[in-house]
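In what follows, subunit A forms one complex with subunit B and a second complex with subunit C.
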Partner chain A sequence: MIKYVGKKVLVSILILLLVSFMAYWIISVLPGDAALIALGTEATQERVEELRAEWKLDEPLVNRYGAWLVNIVHGDFGYSTHYKAPCLEILKERMPITALLGAISLAIGVVLGILLGILAAVKRGRAVDTIVTFLANLGVSLPVFWVGILLIYLLAVWLKLLPVQGYASPAEGIGEFLRYACLPCISMAWGSMATVCRQTRSAVLETLHQHYVKTARAKGLTERKIMFRHILKNSLIPVITLLGFQVRNLVGGSVVVEQIYNIPGMGRTLIQAVDSRDTNMVLACLMLIAVITILSSLLVDIAYGIVDPRIRRGGSEA
Partner chain B sequence: MKKRGKKAIACALAVGMLCSYGQMAFAEDAADGKYGGTLTYSPGMQNEQNLGYPCGDVNMLMNTNAAPALETLFRLDSEGNLICWLAESYEVTEDGLQYTIKLRPDVLFHDGTKMDAEAVVWNIQKNMENGKSQFAKIASVEATDELTVTIKMSESDILLLANLAADPSGLIVSPTAVEENGIEWAEKNPVGTGPFVFESWENDVEVVYTRNENYWGVDADGNQLPYLDGIHCIYMTENAVAEAALEAGEVQVWTRADADSVPKFEGREGFATSKSEVPSSNINLVPCLNTDNPTASKEFREAVNHAIDFDAIVEGLFGINCVVTNQNSVEGRIYHNDEIPKKEYDPEKAKELLEQAGYNGEELVIYGDNGVMNEKLLTAMVPYLEAVGIKTRIELLGTGAYFSMLTEEFKDGFLVGYYGYAPHEFGKMYSLASASANLPVANFSMDDETYQMFEDARTSASTEASAEIVRELQKRIYETNLYLISVATTYDLVIQNTEAADCGFCTLGGGRWTPESAYIVK
Partner chain C sequence: MSEHILEVKQISTEFRMKHRTTYAVNGVSFYLDRGETIGIVGESGSGKSVTQMSALGLIESPPGVVAEGSVLFEGMDLVKQENKKMLHEIRGKRIAMIFQDPMISLNPTMTVGQQITETICEHLKLSREEAKKRAIAYMKKVKIPDAELRYDNFPFEFSGGMCQRIMIAMAMCCDPSILIADEATTALDVTTQAQILEMLQDIVKETNTSLIIVTHNLGIVARYADRIYVMYGGTIVETAETDELFAHPSHAYTIGLLNSVPRLDDSKERMLMPINGIPPTLHKKPERCPFYDRCTQRVERCEKEAAILHEVGAHHFSSCLNPCLDASLKTCDELVEKEIDWSDTVLKVEHLRMDFPLYRGSLIKKRIGTVRAVGGVSFEVHRGETLGLVGESGCGKSTVANCIMHLLKPTEGRISFLGQEVTNLPEKEFRRLRKDIQLIFQDPFSSLDPKQTIGEIVGEPLRVHGLTSGEKEYRERVTELFEMIGLDPELQSRAPHELSGGQRQRIGIARALASRPKLIICDEPVSALDVSVQAQIMNLLESLQQRLGISYLFVAHDLSVVRHISDRIAVMYLGKIVELGDWKALYESPLHPYTRTLLSAIPIPDPVVERARERQKALGDIPSAASIPSGCSFHTRCPYATEKCRAQEPAVTVFEDGHQVSCHLYAERGGHA
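Our next item is the complex of A and B:
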């Protein structure tokens, strides 16, 4: 098991290094001078040159990348030219907001997705199945942006139940936090819920026809016991794989949702940083997203190894 | 010999401005009803990186979003007239080489220090030290007594007062606050003399201000200003969300609103829409003049000007907030030259001109920054150009690529260029298109005589004399040489619910507004 995990960690670090270089390179070759964008067309040529030198934009790419990588390893993400503060300071303020909303959305998406998936599978062919399947298909087809705007009009403008935009931290009161978090979390959870629901439904349906389920039934076990001991345990293995993807999707979705709902999280920060060509902040956000994605994939791989020892053994043998 | 007349007009306007606060107040009792409440507005576009240090690197949005806390010595009304604000009066010598500005007494910064001549001198000097072109012609500035600032010029500069009124660099901040806390702190903490005290700024999310209990201003009935308890600015980049926030009553005003949103609110009970009184910017097609390409030929540019039915495009697509222009100004303004003929859509004439230009069917590229308006505008032009035989390609660029194109990579075709109206159309055209432009457009230049006219207009001793030169300049640029093709002038739009009153959004030059007179109708 240790060898299996060690190998996965090593591969993750290599991927992270590759991602960091790709991100740095892409940001560097994008057209546009960060100093010029920051200062505007009325700045003097001298001031543009001064800022370019200050931000080390004139140095070769490899040198800049090397220095940046060393700093990152030492926990220094550099200075944000847009926010006029160290990137780490901004991320410390904003990342927890994204993480909190993402965790709530993931929990909603997974719990409801599994429950609805089981319900649809068990009631296969009935009205409940049709409705759940229709909603799940809708969920995977509708873009987050569209869902977000639709929810705003439905729940905030017409029914006046929730605020259109904004964010209140839990420190301002759980009630206030939930009032503001409701729409963004539903928007983000909607897609995950649909994906998990579809996956659970098909996995449960497949398991229902397995010989061991028929054997359990023949042995006289109750339906509840069959469901929890045999069907669910085996059906959820593919769903675990899906969780890794959902974490990645939620991080991506947060960029859109935070922009719509005016939430000061990492997603909004990334968009602002890209707009103002704030290289350090863009890279800090991208690295954080990469770490979250790779970490979630790593955890899924490890969980997979625990749940299904065949995978672990296969990994060790390879 | 001093220009007393000008001083009298300025002060009369200042008094008039203060009196105008009372336009909605029918009696003192009515003013009582104005007090309280928080105004929430959305500036409707990207945010600024510096909110509180106008002597540093700034953008125009600072004028709007720092307005509750920071004030200027002067303001510009919608017609470009100067209004004394923190300045009580001013005098300028006949040769335009010395300005004497008398400051309003008993004005305090939010940190409790005095807004006096020393403070104003410090602000102007910091701008000069930072190489701001707006102050390039100042030789020296000094405090001649506690409330008098004397500015000596190396050359007369007709733009100086307009820049002090409408450019962000004219905003006055507390020197004590900046020196005690540093520039980085000051950029995030505006400390001025305004009617509201800065509370917090979450970059790209919101700015919060609370009432300044020690504000110097009173309304026409002598009631203490401001009326509101606070101001809340929320940055909303999505139009659909801004619309929803207006409908739900979460914001009362959406400035620089999207033109497509206006019809949804126009005529609806509880909402009002308005077009700014001051034009926002003039859209031009800037030709690549200095390389071997068709746009370098005047006949070709004339052909383009005749080939496109600008009236049909602008009225059909942007009728709400746009007018077709044949120069960098609109009718009724002092810099508008009435002699320049209106645009004439004549495809046959365009074809003849193309022949004269020796046009051989080479592809024309029009570059613009990537925005909805450009996409519509340029796409609409293509069929007109192709109808006269000009094969056309549109390239919409991201901000970075557009800036690079503007300053380095412009080698053919036209580039869509904007000249804002802040401080006014000549001021912006000077800073972007004259020989003194800080970052000139690559491969675009005009003849020496034209450039000289820019300098002559700027160094004129009077507005009238300057305006006369600018009108001639417009003729040279937009008719005689057709260095630029003027397309249209845009106006900012404001959508608000009727709870918000006397906010003055888009009524002053430079995107400034009147937070001190704003109130919530109860």
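Our next item is the complex of A and C:
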């Protein structure tokens, strides 16, 4: 198991390096660099060149990348030209907001998705199944921004139950936080709930027909025990794969949702940084997103090993 | 007579699908006494498994419905709605069941120990500690070596035979009164099958458990059952005590079945009589004998009257309406002497060796070992001859076939075809020879392109090798091929999925014949087919050989089938030929202990013969091809093994009649090769 995890970690680091270079390279070839943006269009050519030299923008790409990488490894993400503060400080402030909302959304999506999926599979062909499947299909096909705007209109503008936008940190009171967090979380969770639900439903249905379920029945176990001991664990294997994707989708979703609900999280920070050509900030955000994504797929791989003994024990002896 | 422990009365099960209903079981009644072993025999689709599942409430519902009937277990009707809740206390505790494929019948994510303990805890209310102790005791009872250590293993860490032992331990751990074995050994190798069945018999005798053996194999019931029920088309067509049934079969279907199954003790003159046609689809409730359409012995009454079981002897019931059935085994009118040209060697294989490296790791591959699939095999096939190549799964017989077909490049050795060495021939040059060497596959379902019509499939080799000039000749040849294999040429535009298994296998044969090959390699050509259809294909292969003078290399695991068709037989074990000889010598006086074990493991569908047989049991499991034992590779399982067998590999001993064996027991008696 340790060897298995070690190998996965090594591969993850390699991927991270590759991603960092790609990100750095793509941003460096974009037209309009930080010096131009900072000085505005009326600046003289000399002044721009001066600032470029000062910010070391005139050195070759590989050198700049190397220096940047070394800084990052030392925990220095550079200075944000837009926020006029070190990137790390800004991120420290904004990252937790996104992480908290994301975690809540993920929990809602996964837990409800699995439960509804099981419900639909057990009651297959009945009315409950039809309704759940319909909603899940709807969830998969509706984009996040549309759901977000719809929810605002329904619950905030029309029914006036919740605030239209904004954010309150849990420090300001849990009730207040929930009032603000409710809609963004639902809009983010909606899609993953639908995906997880569909996957769970089909995985459970497939497992139901496996021979070992027949064996479990022949053993005289009650349907409840068969479901929880034999079917669930085996059907969760394909669902786990999805979790990795869900984390990635949530990161993407947070960019949109934070924009809609005007939440000062990382998603909004990223967009503002791109708008203002704040290279350091963009790269810091990208790296953070990459780390989260890679970490989540690493966790999925490890979870696989825990759930499926065939992976953990590495092949058969016979 | 004491009261029956289980009595099934007039049970009927239907599968109600949207478009149509399948009447899988129709009014089946049977009983079981305490300590008794009964056999329920039938081909696939006869309703034998569905009957058992219905009795235990294991039919998947929807679409399955037990429409009528009763199942009395110790006086309680299990089918009654109010008793349904009791079922899970009976299943596993009082009536246990084991299934066909042990590898997929165990939960892959739970250790085998957990799975056995689960049953014990469910029914016996023992503490965890006690349950574990009991589980280990039962694992020992089914002869799992190192049971304490293996308790924490997962199913994938066991072989198929071991998994079935676990299933048995799980079934027996609450001391049930009835054990149902549903095709429990079908997926296993013959020597493993024999071991499992022997053990099962010992356990049920010791605990006075009643056993129901559900199988398609007449030999198994002849050997192990006290009474037999024969099922066909969802009904029981005949039942009697085992000796009586085999001595006086009284239903046209039973007779047909006995006539179509090859036996290990057959004389060469015996003709296999296939049952023509296909089993009924059961989409209608049958009004007359379900066997009517395929019966060769039907009488006028069969058309109008419903077939009902009636007494034909002591405890012997049959639903056949023909009062004077012909029950004799058929023999050929005259024995057609095959023309074998022993001087003309079609295929010569010398010291063929095939190693597969074992790797570990994904990015950087490290070689951690070698699987010796074939370890030095030599044989010849002559013109017009059939050489049978037999062995259990993993013995390398298919690898040999693939090497000959140039699908694998052997590690060592020479293969000569029609006098020309082909071992290292580049594929481009070998392609010219491909028309002379053809292959028939095991699975008739996956070996035909589903997008081609069967006419195109049969004609493809003609086009590929450019064997016909012009469209007219092509058409004629395809028609001729269809006639040769006994299929209506009108069917040419059909797709493979419209045909039955037997018909598809005929198409596979026609495709192989198209290029007029000199040699056909038949890789398990009948093992995927039902017994009644098997006989059709074997007869076809034999008659084609007589007409066309083709040579066959017949690769199979079933020794009774091989006996029927082969002139000489080579027995393989772990990549080596341990014995090679004339079919008669090999079956009547087998030399190698492995051959003897293999032959003893196969039950003969005749209880009288079965009882008189001397049987040699194999010990243990087949070793993995990645770690082949030193010396004689059979020594780990051989009852005669000595120190010498462990240390030294036996040389080939050749007797005067050409019979070869690799065993130290015979080293002094024959000459060395």
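Rule of thumb we're sticking to: the second predicted complex is superposed on the first by the 299 of 318 C-alpha atoms of A that agree within 3 Å, B and C clash if a C-alpha of one lies under 4 Å from a C-alpha of the other, contacts with A are read in each partner's own complex, and residues count from 1 in each chain.
Note that in this section contacts are C-beta pairs under 8 Å (C-beta built on N, C-alpha and C of every residue); 3 or more make two chains touch, one makes a residue touch a chain.
Since the model is a prediction, treat every value here as computed from it, not as a measurement.
Enquirer: Following the superposition defined at the top, how do subunit B and subunit C come out on subunit A, clash or fit?
Expert: Fit: subunit B and subunit C sit side by side once superposed on subunit A.
Enquirer: One more residue to check, A:H211. First (subunit B), second (subunit C), both or neither?
Expert: second
Enquirer: Figure out whether A:D308 sits in contact with subunit B (first) or subunit C (second), or with both, or with neither.
Expert: Touch status of A:D308: second partner only.
Enquirer: So, A:S169: does it touch subunit B (first), subunit C (second), both, or neither?
Expert: In the superposed model, A:S169 contacts neither subunit B nor subunit C.
Enquirer: Can you report the vertex angle at subunit A, computed from the C-alpha centres of the three chains with subunit B and subunit C as the arms, to the nearest 10 degrees?
Expert: 150
Enquirer: Kindly classify A:R229 by the partners it touches after superposition: subunit B alone (first), subunit C alone (second), both, or neither?
Expert: Only subunit C; A:R229 stays clear of subunit B.
Enquirer: Touching A:K219 in the superposition: subunit B (first), subunit C (second), both, neither?
Expert: After superposition on chain A, A:K219 lies in contact with subunit C alone.
Enquirer: According to the contact criterion defined above, which of subunit B and subunit C contacts more residues of subunit A?
Expert: B
Enquirer: Once the structures are superposed on A, label A:S202 by its partner contacts, choosing first (subunit B), second (subunit C), both or neither.
Expert: In the superposed model, A:S202 contacts neither subunit B nor subunit C.
Enquirer: Using only C-alpha atoms, work out how near subunit B sits to subunit C after the chain A superposition, in angstrom.
Expert: Between subunit B and subunit C, the minimum C-alpha distance equals 42 Å.
Enquirer: What residues on subunit C touch subunit A, complex-wise?
Expert: It comes out as residues 56, 58, 60, 62, 87-93, 96-97, 99, 101, 104-111, 118-119, 122-123, 154, 156-159, 167, 170-171, 363, 624.
Enquirer: Enumerate the contact residues on subunit A facing subunit C in the complex.
Expert: Touch residues, subunit A against subunit C: 11, 125, 209-212, 214-222, 225, 229-230, 233-234, 307-310, 313, 316-318.
Enquirer: What residues of subunit B sit close enough to touch subunit A in their complex?
Expert: Residue list for subunit B touching subunit A: 46-47, 49-50, 57, 59, 130-131, 133, 184, 187-188, 202-206, 234-238, 240-241, 244-245, 247-248, 250, 397-404, 406-407, 431-432, 438-439.
Enquirer: Mind pulling up the subunit A residues that touch subunit B in the complex?
Expert: Residues 30-34, 36-48, 81-84, 149, 152-153, 156-157, 160, 163-166, 259-262, 264, 268-269, 272, 275-277.
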